[in-house]
Amino acid sequence: MTTPNPIVPTSPASPADPANPIAGTAQIFDQGYRRYEGERTGVAGAMSSLVRATWRQALGLKRQTRNKLIPFMIIVFAFVPAVVFVGLAALLPDDFVNELPTYVEYYGFVVAAIYLFAAFVSSAILCEDRRTGMLGVYLSSPLDRRTYLAGKAIAFCTLLFIVTILPILLMLLAYSLQNAGPDGFGNWIETFAKIVLSGVAFGLVFAFPSLAVASTTDRWVVATATNAAMFPASAVVTDLLVGEGNLTPHLRLLNIPGLARELTFRIFNEPQASLWSRFDNPTWTLVLAALGWILVSGGIVWANYRRLLVRR
Amino acid sequence: MTDLSIPQSSNGIAPVTASAPPAPAAWPPADATVVAYDVSKSFKGVVAVSNVSIAITPGVTGLLGPNGAGKSTLLRMLSGQIKPSSGSVWVAGGDPRSDAEARGRIGLVPQQDGVFEGEKAIDIVSLAATLSGLDQPTERAAHALGLVEMDPGLERPVGTFSKGMRQRVKIAQALVHDPIVLMMDEPLNGLDPKQRRQMIELFHGLGDAGKTVLVSSHVLDEVERFGSLVIVIAKGRLAAQGDFRAIRGLMDNQPLRVRIQCTAGRQLGAALVASGSVMGCRVDSDSLIEVTTNDIRQLRRELAPFARHYGGRLEEVIPLDDDLESVFRYLVGDR
Amino acid sequence: MTPLLALYRVLSRNLLSRGRLTLIGMLGVLSILVAFAINRGNDGDPGLDAGVTFVWFLGLGLVVPIISLVLASSSFGDLVEDETLVYLWHRPSPRWMLAVAAWASSTTVAIPATVIPLSVAGYIASGFDLKVFGASALAITVATAAYSSLFVFLGLLVRRALIWGLMYLFIWELFVARVGNGAATLSIITYPSSILASIADVELAQADRSVLTGILVPLIVSAIAMALTTWRLDNVDVA
């Protein structure tokens, strides 16, 4: 069913109408409010609209250039090392190509860009809605608080995967085209799956704590700054406490960037050598710690939103 | 005395643009303290002010225009807050953007509400005095606060003040260094009627004392009370400058309506129509007529002799649309 | 009161919001607690290296740049945000005075917030070594002054200075600069780290400059940043 466009004038009435001889001179341009008569897509449609709107909001799409600058700059930072390594692989002799960073080592180069992106985007998508009253508008649609938060989380994680998965997939594709990729189709698929799994794990470990911080304040700048400081602070403090203070190594499970990196090393089954990643814990404790971060952070978000007073 | 700087345009309304600046011999007037020459300002391709040339002399001048007309942008260029995209500004002896001494001769009341929320009124005004290089800043600040009828001993921070009180603190900090030129953007916002009257009296006093007082407002009644000199801005262009009654006189495509009460009203109307001094006449009663004229001087010349001729007595002659509101409506109404 | 002192006074008071004081206090307390934990974890004798690593890693690497950024970027940033800059900017006092007052106010608020807790924490984490205390105090003072000058300029240059400052810190100062010597030369953190390493006589990555270089280069950076801030004040459009 199509809805009449209120902008397009209706056709003039027939001049031959004997009951109204001057009707041919009249045109109606706007009939004012009319109820929506198109298809209603329900919660699924509202969720999909919310996810798309959140992508636009986070990346500043359809807004002024200055709104796009920060997210796109961070995305560029996340891709630059991949492009450089691909270039080097093309230019350097084969012997040197083996010296280039592995897929899993790539995270070491872009971890700062990833947590800046998480800090920036989480604050942009949650704080702005509360500050501008858009949350009330969303909640007057078929969405409720639960589905709203689910939509935001889906949008946020998919955005985060842009910087945690795509640069490494780019490396894989480019290396493969230069015959420097994994040998054989089976190995290629296995590497592909590991990259995706690592990117998902890496992204999720950053995503939920940053959403938790963003749910506690409607001041966008405060949330971004707190998030951006929280990730390195968790690494520095736990490394100092374990490395210099000889405290229990289990404290490293509080190191968010370290935990995320260690998970990727375990997925690729590669030994870690980073200062941040001297984890001796069994893999299951790492998985439990990651789940703990996700669940506790998710709980904080839900607790904050459940009791939030929403004005419409 | 009327100062009509901008010549009449071909359509009878004062010019909508001053892209061809007035002849140097006549402009700017020797006593002008604020001169803007062909200034324009655009923000990312959107033109806010276009080719405006004005000269302002001592006294109170109202800067008038609808919301979004470009009044604040023009005022900010005149005060040096923003740099014109083209053209030049000269205020009290220099370019206020680059000449600190010229800036020191300007008192500025910006439009925004923000003042230093955590500070006391006396401290804000005293800071302004110190930054202007004055001795005894606290005493001067107390005096300036007295001028705007505020108690210098108030201990509360400005953040707790009402809008009217903040506005008066802003005016006091602009007055504290006894500036030659005072520029104020919507200074009466938030004031109650009594405070408005006091401020208008204060501005008149400053104007009478030889200061140049430029007051921006979109409230016609307010501007009319500042005095008769106005600068009218519409859609970023200069619509008119001068005494608003004289501007009205220049609008010969906008006939002037005059209500005349005369004991021989009907005969008087007929005679005026016959003589050609009025274009039309509406007879409301035997003694009350309303005429429309394009030539107010001829009407003025003929009115009394004609009334006398028909043995009538003129009781009241009231121009109906030479007030500021009519001038403003004619100038900006169709934009 | 001179104009410079009047500007300094109003800008300093403007910086001391409850939120900022809470952040400063929390970071100070966190530093002391971590230092105590390191001390206790080594039975009261962690050694000089532990104290220097602590100050380098947590102090110069995180607390100093973040406190400097939060305070200095707000020095003009807050005035631009609430449109009060015009009251200081439109006065006839020279623009360099406004730039220096902004830097001085943010630095003098930041220095006690960084130097005292971090030097004390370094002293504790080193097992009460006075050399670490002295080296930390000098290095942190130099770092705070230099970062503050940069971030005062940034606060006037861009809106959302805090976000741009964080990007600069985490991508350039704390990541790229620790990877290569060329980048290290162009980053602030190299110089206070060199002061710390030289005085305490320990080796730290990308911190091999002399104490004199470690002091002079940040001073020159501060002077350049002040000149740029003055230039910006001359050219900025003020609401």
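All chains are identified by letter, namely A, B and C, in their written order; residue positions are counted from 1 within each chain.
We adopt the following convention: contacts are C-beta pairs under 8 Å (C-beta built on N, C-alpha and C of every residue); 3 or more make two chains touch, one makes a residue touch a chain.
Predicted model only: the values in this text are computed from it and were never measured.
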Target subunit B, source subunit A, minimum contact steps: 2
Label of the chain whose CA centroid is most distant from the centroid of subunit C: B
Chain centre separation (subunit A, subunit B; CA means) in Å: 55
Centroid distance [mean C-alpha coordinates] between subunit C and subunit A, Å: 32
Where subunit B and subunit C are represented by their mean Cα positions, the distance between them in whole Å: 50
Subunit A contact footprint on subunit C (complex, rising order): 19, 30, 34, 37-42, 46, 50, 53-54, 57-58, 61-62, 66, 70, 125, 159-160, 162-164, 166-167, 170-171, 174-175
Touching residues on subunit C, where the partner in the complex is subunit B: 1-3, 6-7, 10, 13-14, 82-84, 86-94, 234-235, 237-239
Contact footprint of subunit C on subunit A as seen in their complex: 66, 70, 73-74, 77, 112-113, 115-116, 119-120, 221-222, 224-225, 228-229, 232-233, 236-237, 239-241, 243-247
Residues of subunit B that touch subunit C when the two form their complex: 76, 79-83, 98, 100-101, 103-104, 106, 108, 110, 112, 114-119, 123-124, 127-128, 130-133, 137, 173
